[in-house]
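This report refers to the structure that appears directly beneath it.
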Amino acid sequence: MTQAVVPVTEPLLSCRDLGVRFRAPGGRTARAVDGVNLELRPGEILALAGESGCGKTTLARTLLGLERPTAGEVFFRGRPLGYRGKDLKAYRREAQLVLQDPTGALNPRHTVYEAVAEGLRIHGLHHDERERVADALSRAGLRPAEKFFMAYPHELSGGQRQRVVIAGALVLDPTVIIADEPVASLDASVRGEILALLLRLRDELGLSAVVVTHDLGLAWNIADRIAVMYLGRIVEYGDVDEVLTRPRHPYTRALVSILPDSPVGEPQILTGEPPDATQVPGGCRFHPRCPALRDGSAAAVADDCRRTRLPVLGEPGVACHLRARPA
Amino acid sequence: MADISRTGVAEPSAAPGGTPQSDPAQAAVLRRAYRGEFLRFVAVKFSGALVSLVMVVLTSFFIFRVLAGDPVDAVVGDTPATPEQVAAIRERLGLDEPMGVQFWEYLRSLFTMDWGTSYVSDKKVTTLLWERLPATVLLTATAMILAAAFGTWVGARSGWRRGSTGEKVQVGVSLTLWSTPTFWLGMIAIVAFSVKLGWFPVNGMHSTRGVGDGFWDEFFDVAHHLVLPALTMAAVLYAQYVLIMRTSILEERGNDYLTVARAKGLRDDHVRRLHAVPNALLPTITLAAAEFGTIFNGSVLTETVFSWPGLGLTFYQAIKIPDIPLLQLLFVFFAGTTVLVNFLAEIFYRFLDPRVRRSA
Amino acid sequence: MSTTESPPPPVPADVIKSSGSERPQSARAIVWFRRRAAFGAFCRSYAKHTSGVIGLVVLLAIILATVLAPLYTDRADLNAATAPGGRMESPSGEFWLGTDRTGRPILTMIVWGARVSLQIGLTAAVIAVAFGTVVGMVAAHYGGWLSWLLMRVTDWFIVLPAFILSIALVVALGSASKWVIITAIALNSWATTARLVRAQTLSIEGRPYLERTRALGAGDWHQMTRHVLPNLMPLVLASATLRVSAAILSEASLAFIGLGDPRSFSWGIILARAQAEGAVSYGAWWYVLPPGLAILALVLSFTLIGRTMESVLNPRLRDDR
Amino acid sequence: QDDGGKKVLVVGKVGLNDFEDLNPLDSGWVIQGEINNLMYEPMMTWGQKDYAPAPGIVEKWEFSPDGKTWTYHFDPKAKWSDGKPITSKDAKFTLDLIKGNEVLAGSETSLVDPITSVEAPDEHTLVVTLDKPSGIMNHMNNFHIMPEHVWSKIAKPEEYQGEPGQPTSGPFTLKEFRPKERVVLEANKNYWRKPVAYDELVFQNYETAEAAVQAMQAGEIDFLDSLNPEQATALEKTKGIKINRAPSRHLDMLEFNTGAQTRSGEKLGDGHPALEDPAVRQAIHHVIDKDQLIERILDGNGTPGVGLVAPIFPNYYWDPGADKVEVSAEAGNKLLDDAGYTQKNGDGIRIDPRSKRPLSFRLLYHSDRPAYADVVDFLVTWVKELGIELKPESKESDPLNKDGDAGKFDITFGAWNFGPDPGEDYEYYTCDRGRPEKAEPTGLTMAFWCNEDFDTLQAAEVAEPDVTKRGQIVKDMQKIEYDQAPQIVLWYDYALEAYSGKWTGFGTLPSSGGAIARQQSYYGYAQAHLVGGDEGDGGDSGSSTGVIAGAAVAGVVVIGGIVFFVQRRRTVGERE
Amino acid sequence: MTPVLDIDDLRITYHGSRGPIPAVRGVSLTLDPGETLGLAGESGCGKSTLAAAVLRLLPPGTEVTGRILLDGEDVLTMGWGRLRAVRWARASIVFQGAMHSLNPVQRIVRQIAEPIVLHEGVERAAAEDRAVELMAAVGLPAWRAKSYPHELSGGQRQRVMIAMALACSPDLIIADEATTALDVMIQAQVLRLLKSLVAERSIALVMISHDLSVLTDTCERLAVMYAGRLVEYGPAHEVFTTARHPYSEGLAGAFPTVGDTAARRRPRGLPGDPPDPAALPGGCPFHPRCPVALDACATTDVTLLDVRPGWRAACLRVPATKEADV
């Protein structure tokens, strides 16, 4: 439906030079997102992967307008996102959030019906409320919907709760769903069902989605494209099949290598702790942990790695000195 | 394009966040960082305490000078005074000045530590404070030590053995004590133990007839007088400590490290004593400090019932008159002490508890 | 004490099915049904706490005795000019708890005094809690210097020796009328609630479901009324209950210190009168013990109820009774 | 009685806390005066028999026919406790000191004001010259003279706090002074009259009467005054304690705002205009059944009130006899009807025809005096029969007095310790006081009452040097007040005092059944002695029982701890 | 050779406020010295309960029947004193969530040394020296010894826990979700460390996780639990790739292999919800969710059946698949 209006080539949601900084304790500044360009095409599922603390959640929230960028802009349908109440409200009928922890994402005092209808009520859509709620629930896989209307979240299983959250997003007929680790807190056995649901929604409704995850397997399962983040930047960006089977950035490579039955051979375990957004190293942000620098395979560009900043990745590609100058 | 120009911007050089383990120098770095944070914490808390103190001082002026009016009657005594006398008194007390001047005088008095003279005597109120302070310290400290020692002990045990009959009894006793009006408890204690049984003196701090002149004579005399008021005052505090400690232990009890300790083969009471209690004591300090003000509440009532010649009694006496400069000083003293104790407790707590040493 | 989200109590599983099959219920009816069920569950879980039940029974008994006072006692008996008894009569069939020096029956005094004590305690607590809730919510929601200021003031009030401040206020205001006492007590107890409410509001605001609501486009008002306040209420209620007992104790202590209206018959005043009239040395235990025990019983019952409510609502304290 | 054979009389005091200094020249509080009287012999004292002026340091005195020159002859035996003789020089020094010191003179105006000169022609003679005759010179207000050889060195006599060891002229010297706690007086071994029969007199403070009574019951004190009827009954029942119920000079009364205004007629405060009418006040007087109040509130320990003078002052007390206001609502109603208060509003309250306001009066009472609260009940009930409404309002003493000074009341309670000299007391009811100069609170104007006849009599009374004649004038004044009723004296309550049966011989004032404490002389304590002479008694055994009790408590704690421990040991297995 | 751990028909029932909860319902297991076993299953299936039972750490009032032999000694019947001696010296546990498993106000060296002092009676100082050595073994520098737990990152804390578990050279270490809370990369670090240490010292390891791929990577054998029972038990790799129980199969499918085109855009999982241990369905507890359930499944309570020696599965279809296999 919506696809007809928007030309396929034009991104639905995008951002340019996006930066978000936080004031961290001790007077420091955390550069949670620090220069990101990203495009989400209609009907596409984009995975956002990376270690803990690399800024995935912040980026997702900023795309949703929940966080105001300190630099750069978010574009929706080619227009910059406004932050006035009215603009945001309008935007929020189109872009919806699905959170990691479905238990926390539902008010324990609200019934499923209330939780799903809340979006309608906020936007003043009182017409056919019951039908719309029922429809959203059944689209989210909770059938028969009426059976769940009066249930409280704590009476449902984790998978069902996540479906309720998704139904709450679907009820407003959005075009984009941004899901932050949508299955991370779910039991292994029900994970697949939820992912399948997301895929089906894309296929049936043409929904686009950004799925934040640290699990590359998940990206492999459902995503079309993947953006790998490191310390507030996207270091590699491209089709899932491409990036995950033939990772080009040493970081992506390490991430893929530690998977069981990994397609890239020997596991390369990065030493050290996840990076700290308040202390961003100069040069290539990854250089202190870079295995390529360590094993000498990047000796040629070692200097650049330590000193020269990499440009912000604007399109599918990789941000690495090693790849920038093919040896 | 825009990107390229930005790449040239110099960035802060790499902090050692990337590879932390292998660098021993980092211990020093971290320690310095923590110390800096600690100092900042102290500074923040200190400024907070300072603001509180200023508020205490202002409140004191507001309540006693602005709200409360003219205390001349209090000064003149049983026999009526002539208008000339009244005027003279007003002038002597500075009550004829406009409020602004009085405030200025008040502020000046703060810095010179000259709080004026009592309305009923010509003594400096600060002198009165110092005279009465030791008795209060003796009473409150005894009560507090008793209550804290027994209270935390019992609280720790009852929290540890939650659901046991012993715990239920302890909590019941504590709640009952907490709900008992202190003054009433004191009244009953006097009737029962002093008047009826004759075990303890009725009230006061010294025997009415005087005792021997030796140190120990006096010591035992005072100690004998101290028993009932200290126990009365300790009752509420005890209840507080039991409940606070019990809650802390309960919060602590759910933590896995206690299971780990048990799994390591520690016996139950070692787990409690070595792990649970020390950890639970830490939050207890803050909670107890927050309740510190109640000690003064209790001391006013207890000292009044037992005619214990401390600050609480002085406060009560000053109310009856009302002796404004004295009330003012006592109010600032009580509130100020409480603010200070809380400040110190916060610092102390942070110093003691590694969990909060780093705010991040 | 940190408090956590209080999920509604477990509801029997069959509710889902039964309400699902009888579709045509109106949403309002369903909500009411659910509320009733939740309340029922709360009651069931409350009923498991013996101490809470005892507190409730005692409180209800006191309230009943107070409300029915006009039926079985005569207010005129409290007028010295028309008091029925003799001077300091000890308990008898006619006067169960004896009389005071002008012949007022102590029992009647206590029964009518309960009204005053309850009234002062409840009013002060309600004012304090209402004020504290507003301050706490504002401080939590709006942040910035306003929040800083509010919290400083709150902390200050928490730290101050409340009773001393109450005394100072009453002395300064010169009259120990009911409203002055109520104000003095309320002024000293709102802060605890404010701190609690602020912490709780912050914690609720940090919950993902508020994030979700915001993502759905909800404004402050919607967030506050639909999510924060309802989640806050049970805790505020429990806190209010505890406030009442503190307020009753404060009133009694103030009265004892001599700050109270001597012609009213709050329990504190009765004790102050007993003290002034020499009841203790007279050996008139019937004049001294019952009012004190009444205070104890009322305060204890509110405390027990408050604590039970807290532990029912706070799962951390709930695990096993 | 006490250890080491020292004989100690311990007196419990409620209200020792009211003052912080013991300046013999400035005793604002009754207790201050009481203690100073024990240390300083006055020039003339109040005769123990009937309050008639009696010799003190002065053996005898006379005045000139115009009453302006007074000559005092000093007792040559009189000497300070340090052995130095007491001379007229000391008296001159002290009088000059007071006269020249603003603060000290402030509390002795009626004595000092008329004095023009003080001469000491020789060591034993003092001649005081006045500018107008003054009755006070017969007793000189009981004021104390100070030893010149000590006090001339005190720079600021008005700030003298009371120091132990100072030479005194009376039966005691100050040994220890702990303000608000304890005052210890030591018998003056050099006392030039008969020294007291024991060694020390201790005034021990108690915060509340109850505490003191309990101490009395526990045997910690030997004497206690200001009991209420219940406490007296309770102590009477205690073994070894005796009670003295004696008429006193204390009274409680109702005071009316009789129309507060300044001398120029500017209105002050917000008093009810109807109370300006003596008929209304007298009508209220008619329904106050003082006998019933005394019975119900005081348990019979009092006599019905008439004027400011209590019956213990036979020279001044006025007995209304047939003029006594009878207790009769009928009479009261008639009075009101006749005065034109015939209209009533819907609630049956009479309307003041002039101001059109209902006769609804505010009644201020002290929140710290439960007896007043009870009296209020009676008053409210009684005046209802007159078609008058009372609205009771309680206040702390301090703000209450403030409202009183500002005329912001209709009716209020008051209390008074009369005399013994009537001059100063009645000064407060003169127009000078009743009508302040400026329209602002002045402090201690009484009922804002003004009556010229009364003022004339007062002027005459003050100036009358002859004691008997003066008494007659005072009686006439009382009659005027009784008729006009600016205040209604409810009762003269008895002093209720308890003393240990081990002591006896307390000197009452007047000797025929008066109070022991709160005297303006030293008879009470100074004449006391232990029963059976010198035999000291071992005191109570409190401290040893206390130690036993302490040990018992400790024992219980220890045993409890052991039990706890043992029990824990037994259950330890189940808890791991 | 006596097995390090021999569990026989273990049944554990909690008696909480909601009535009895049978958390473990008849589990038998043996573990030889140096052997590594992965225990998988979804949340609430009783994995932690089982682990805690080995050292009898269950809350009072829990009903435990069956037999747990640690080096041939029955844990369930031994006296308290003996039990305390056995705890940590014979078997130690690395708990779920290292954040809470360390005493926040004690320095880590002291916590590592604590069991050494306790069990070997050495001096504190000597024990702390040993603790520092252990820290080195898990890759923590000596200067970290004086740190408090909150000063360490999650991975470092987990290393401390591992060092602590090694302190008394136990024969068995139970790692209960030791890495679940960690980031992927750290998880890989810790797992590798644990694996090498255990191999080096030939300590038997029971590793609990719900992530089959992690277990397969680390352990030789795999046990899959469902609703308090073992439903499959066999060589790790085989169970992961060709599970015989539909539940194990579903669980394994939830972790796709990157690069495996069969899994691309085809997420797999099990329908339905995890069972409520308080109200288990009759018959095979898995049958309501089972995609291949037979009619008999609703009524027959299946026990473990041999797939082949050393590989057993509790499914009615086992013999059938076995035939098909042949």
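A, B, C, D and E label the chains in the order they appear, each numbered from 1.
The definition used in the following text is that contacts are C-beta pairs under 8 Å (C-beta built on N, C-alpha and C of every residue); 3 or more make two chains touch, one makes a residue touch a chain.
For reference, the UniProt names are A = Vitamin B12 import ATP-binding protein BtuD; B = Dipeptide transport system permease protein DppB; C = Glutathione transport system permease protein GsiD; E = Oligopeptide transport ATP-binding protein OppD.
Bear in mind the structure is a predicted one, so any value in this text is a computation, not a measurement.
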item: Most widely separated chain from subunit E, with each centre as the mean of CA atoms; value: D
item: Chain pair showing more contacts of the two, A-E and A-C; value: A-E
item: Rounded Å distance between subunit B and subunit C, as computed from the means of their C-alpha atoms; value: 25
item: Inter-centroid spacing, subunit E versus subunit D (mean Cα positions, whole Å); value: 89
item: CA centroid of subunit A to CA centroid of subunit B, Å; value: 52
item: Whole-Å gap between the CA centroids of subunit C and subunit E; value: 50
item: Junction residues of subunit A - those touching two or more other chains; value: 271, 273
item: Overlap residues in subunit C, where contacts from two or more other chains coincide; value: 10, 171, 174, 258-259, 275, 280-281, 320
item: Two or more partner chains touched - positions in subunit B; value: 20-21, 69, 190-191, 195, 262, 267, 304, 316, 320, 322
item: Interfacial residue positions of subunit C with respect to subunit B in the complex; value: 1-2, 51, 152-153, 155-156, 158-165, 167-169, 171-174, 245, 249, 252-253, 256-259, 268, 271, 275, 280-281, 288-289, 292, 295-296, 299-300, 303-304, 307, 316-317, 319-321
item: Residues of subunit E touching subunit B in the complex; value: 52, 55, 57, 80, 84-89, 92-93, 95-97, 100-106, 114-115, 118-119, 139-141, 143-144, 148, 150-151, 153, 156, 164
item: Subunit E-touching residues of subunit B, taken from the complex the two chains share; value: 20-22, 24, 26-27, 30, 255-257, 259-267, 275, 278-279, 282, 353-355, 357-358
item: Partner subunit B, residues of subunit D touching it in the complex; value: 1-3, 8, 10, 17-21, 27-30, 32, 102-103, 106-107, 109, 159, 161, 178-182, 202, 204-208, 211, 214-215, 217-218, 220-221, 368, 397-399, 401-402, 417, 428, 436, 442-444, 539-540, 542-543, 545-550, 553, 564, 567-568, 572, 575-576
item: Subunit E residues within the subunit A interface of the complex; value: 42-43, 153, 155-156, 183-186, 188-189, 192, 210-214, 216-217, 247, 250-251, 253-260, 263-271, 273-274, 289
